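For reference, chains read A, B, C and D in written order, and residue numbers begin at 1 within each chain.
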Amino acid sequence: MQFASDNWAGAAPQIIDAMAEEAQRYAGAYGTSERDASMAELFGSVFEREVAVFFVATGTAANSIALAAVDRPGGVVLCHAHSHIEADECGAVSFQTGGSRLRQLSGKLGKISASDIGSEIGTFSPDFVHGGQAMAVSITQATEVGTTYSLDEIAAVSEVARSAGLPLHMDGARFANALVALNVSPAEMTWKAGVDLLSFGGTKNGCVAAEAIVVFNPELAEQLPYLRMRAGHLFSKMRFVSAQFEAYLKDSLWLDLATHANAMADLLRDVIRSSGKADLAWPTATNEVFVSMPEGLAERLRESGAAFHNWPPTEDFEPTGDRILVRLVTSFATTPDDIAAFADLIRG
Amino acid sequence: MQFASDNWAGAAPQIIDAMAEEAQRYAGAYGTSERDASMAELFGSVFEREVAVFFVATGTAANSIALAAVDRPGGVVLCHAHSHIEADECGAVSFQTGGSRLRQLSGKLGKISASDIGSEIGTFSPDFVHGGQAMAVSITQATEVGTTYSLDEIAAVSEVARSAGLPLHMDGARFANALVALNVSPAEMTWKAGVDLLSFGGTKNGCVAAEAIVVFNPELAEQLPYLRMRAGHLFSKMRFVSAQFEAYLKDSLWLDLATHANAMADLLRDVIRSSGKADLAWPTATNEVFVSMPEGLAERLRESGAAFHNWPPTEDFEPTGDRILVRLVTSFATTPDDIAAFADLIRG
Amino acid sequence: MQFASDNWAGAAPQIIDAMAEEAQRYAGAYGTSERDASMAELFGSVFEREVAVFFVATGTAANSIALAAVDRPGGVVLCHAHSHIEADECGAVSFQTGGSRLRQLSGKLGKISASDIGSEIGTFSPDFVHGGQAMAVSITQATEVGTTYSLDEIAAVSEVARSAGLPLHMDGARFANALVALNVSPAEMTWKAGVDLLSFGGTKNGCVAAEAIVVFNPELAEQLPYLRMRAGHLFSKMRFVSAQFEAYLKDSLWLDLATHANAMADLLRDVIRSSGKADLAWPTATNEVFVSMPEGLAERLRESGAAFHNWPPTEDFEPTGDRILVRLVTSFATTPDDIAAFADLIRG
Amino acid sequence: MQFASDNWAGAAPQIIDAMAEEAQRYAGAYGTSERDASMAELFGSVFEREVAVFFVATGTAANSIALAAVDRPGGVVLCHAHSHIEADECGAVSFQTGGSRLRQLSGKLGKISASDIGSEIGTFSPDFVHGGQAMAVSITQATEVGTTYSLDEIAAVSEVARSAGLPLHMDGARFANALVALNVSPAEMTWKAGVDLLSFGGTKNGCVAAEAIVVFNPELAEQLPYLRMRAGHLFSKMRFVSAQFEAYLKDSLWLDLATHANAMADLLRDVIRSSGKADLAWPTATNEVFVSMPEGLAERLRESGAAFHNWPPTEDFEPTGDRILVRLVTSFATTPDDIAAFADLIRG
């Protein structure tokens, strides 16, 4: 019963098969192969418009290099206080930009509101150069706490950003999980709602290592080949990433994998709700489930083989008494049997 | 007949098999799995001493992050004018260090001499802060032109570096090819000869994407976890890199692959020497073969399906008349049939 | 009645005289003159121990380059949320370090507590490289809101920093004002209390442009000549800064100027206290006075020629009703007549 | 007889007088005073067009921050191998840009030719991202070896730069000396000849510390307020720099000072030419004189009180036999008596 992280899952067989097939042939290095060349079209068909695509090694690289593409000196990115770029990337954005900063906004359920963003933007002024300048807004979809921005919420954020001349970046490490949870199209959840730059993650959803920066505003793509290369993220055998993405995006594998992960999380949510021993800390519809349970129960579950992480208290939930907050994550690899076994365990 | 680059080859089946096996299980992310944890010991056994090992996405990342670990403000890395870090990495060292520079030394056969390094170090002085300060020496083994530093040459370079308090970095993108060409041990070619930091490349020699920074001086390893993380090079599913390296290093696969590539290059060198139509531009013993041939011949070979790159004139060889300089690279994937077919072609 | 900022004052005549005298002779450039060479000794006598001293152009440069001297990759400086380095320097620390970050702690009266610093340090762990690493603690003396850390408070902060292996930096833009307010020695307020690096400001207290990084821990000074040079802060005619500091520090001019400024602020505080129309927002003993007054009064004072800035609400004081918060700053140039005129005005 | 450097001279009395006057009044900090506000107009009148002007602490800051304004990732600035930005600024350009590089071109008499620049630009290609991208051309006027680019030469360089979409930067540390030597207008020597960005130096020509970035292309000025602020180069009492520049530029003081320095150098050149004991190494018309003389003579001159620096051999002059190469620099402070005394000395 492995619920520690979707990063702990292996890789989908279709992904490995595609890599194995790729291994048997010669092809151009550094993104010059035919398969590499077909990627822009493949992503274009997924997003229903022309896009520029840049593969990098990790989600951290995708986020920080995407934001480096919109860097301004003394620049400040507005983001949620719990966002991955703030809390979990060792200052990567500040590093890739040579010193830009993140301004952390708080917000319920992992989301920052358009009005809070607007207020914060208003604190900057060209007359007060000491304060620096806003350079971008970054949101995470699905959020770090398993929730999703609705299309309207994204549009409201992008409207505020756009009216201030700021690009909107979306960290989509769990893009697919959010997409199937919302039941919308990739286009609707991104550029149609005003997203300029997307970190599109495949790794958590069944790939080995497949992360892409997708650029909807062609101007912002101009410097990305150099930003990626100088950062050491241009794979010599990039076609092995292309092969992963081809398998991932063709025949809707990615949507199937995410649908499955979310469905397993639905089962898990049902188990929690009906357990009488633990509670959902807040509602989620993706593959992350946040649960309040007695510390003793968590201990017992772990002793019996269930793996999951404790989670720090948030503005959305502060456990009291003997309760603690934990996170359970499902993935493409989670099985109904895993959930059933967990259900048996929790029932005791 | 694919001689464009060893980067154009696919991947060895043992490497893919290891990844496929890894795909089927859960394990800790970000280098926390048991397999990841065993890597230091595995590399330690290969190098016959305790080492610290950091996997990254590319050779450019390995070089630039390794050198960032020895950065000094106003720092200058001494290297060959044709070195990969100078000519082919988009300023990655300057980027990762936030502004350090490379000082290009010339030298025959892709190598810089201990005495030239010593003279150059002598141009820096703490009394002339305007000039900056030397921070490291970097050599490439095998070199960019297919040659190798002998153990004595490495020791001489490291002696000069050490006496000036400078660490010695080795770019080992083709480490294995050099090693088997010299018929020495990994320990002899590195720390026993005074190398402090090594970029250890597996990708060109049959891996999908397997590059490591190997640190022989433990002090230099202290900051590398942070240098790697902030640069976006900590893979979430790092164990897929570990799996590659395990397959690569166990049972001497890496040496077998390099021995094969070099042997294919030996055959190719024989073909050139006996062709009567082309000549070796300079002697090499690794998997790169530099050839002077009439432009018309190159054209004819390409039309018949041989793939290889032109090479710019160097201080070692300046083609005259109708001659041009070309580079032929063999790999683990090259077959005796490829060489035989090329031999037939060149004979006309 | 100029109370906008001590930065709005001109320069003390002794400072200008020293520069005028310096203008008449030849001397070595880039800090090689005899006067430049005497600076370490001069500062050493002021601080009663050997120190290293580096002049730079601005307080922002002093702060950011001092902190660059203790940079670590993924590094985080702990500081007050209202500190100058966080709020007023356009991300200079992040820039000079190539990407380190500031962690803002809140705290009453502009001060961060040893226990809060300790708790925050505890959130970092080498096992969670994603979070980065603490690299320094920075405090401001006098603080941004005119208060001072007592010697015991500084010692408590330094104790927490030291036990975590972190250097302690002090932003001393108004060092002299704090010193005379506390009536202690420079040594007591710095290295004897555990300060490792000091930004020592002369500009606000009567100089034209005289800012120094003073280093008490010799190891931390090693790279500063290069850090300063690469940042463009090594003045060619540095001796004009040395001349300022010589005039400033000799015969206690600096203490006299600060004593005067503080005394003028004392008079101002008396005026406010006895005005019946405005109140001190919180107690200060340096040259900054924070006042709560009706907006209409502020308007009237300004119309009559008093210059001062509005100040945003803080955790220490949130004005209510028709009240606003304003800041009045005295300087070496403030006269008793200025205060008397202001007293007349406020009385109406 | 002080010929070590124009940096060794003090400051012109008019400059000091302006600062002394400024010291006696209050005025807005950080460039907000009326005097500061008048600077754009003052420089505009000097350059006969609208310009943006940014004061910084040093020439190194001016050069590196100006080039940071035109930074591109993986960027390469083309410059002379002996240029100040390459040889004497501790990697400041690479630092301010977070990793851009300089490509050193050789060229006679301190100048790079339009055709060499064109060839070098041709080595970059968007198809070879590994090589980075050209980002600017930088020339020095007067050059590091005392010569000047003619208007035609500047125009030819700018034509090549412009046709490749690259901005042209001019390092004008000795701008005034070049200007009066060529007898042209500031407009002719800059934007009319295609210069986009100018480092305009006043310090070497009689100021205390007065360096400006002058921007002729308004787009390039947009980010400079932030680039300067984050680098710690926004003086709080900027008006003391403005006061210097006002005195410097008004009533042609700057031209008078440079005319005098050049005239003193003319006298010195005459002395050398007619000495029979030393020779001009190459012709110059500015305030730097490069001389070939017997080592013994140099020794004797120094013993008798003449101060000057040895100069390394260049592509323009390689001393032979007992000869060495030395540099003599005149300044606003040099007197005819100094020259006469030197003439007496050299005659023996």
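Quick notes on this one:
We take it that a contact is a pair of C-beta atoms (placed from the backbone, for glycine too) under 8 Å apart; a residue touches a chain by one contact, two chains touch by 3 or more.
Note that the structure is a prediction, hence the values are computed from the model and not measured.
For chain C, the chain whose average C-alpha position is most distant is B.
In terms of C-beta pairs in contact, the better-connected of the chain pairs B-C and C-D is C-D.
Here the CA centre of chain A is 42 Å from the CA centre of chain C.
Our note on geometry: chain B versus chain C, Cα centroid distance of 50 Å, whole angstroms. For the pair chain C and chain D, the distance between C-alpha centroids works out to 34 Å.
Shared contact sites, meaning residues of chain C that touch two or more other chains, fall at 30, 73-75, 89-91, 95-99, 129-130, 132, 226, 229-230, 234.
Interface residues of chain B facing chain D in the complex, by the touch rule stated above, are 73-76, 87-91, 94-102, 129-132.
Residues of chain D touching chain C in their complex: 2, 4-5, 7-13, 15-16, 19-20, 22-30, 56-62, 64-65, 89-92, 95-96, 98, 203-204, 208-209, 226, 229-237, 240, 333. Residues 30, 68, 72-75, 97-99, 126, 129-130, 132-133, 223, 225-227, 229-230, 234 of chain D touch chain A in their complex.
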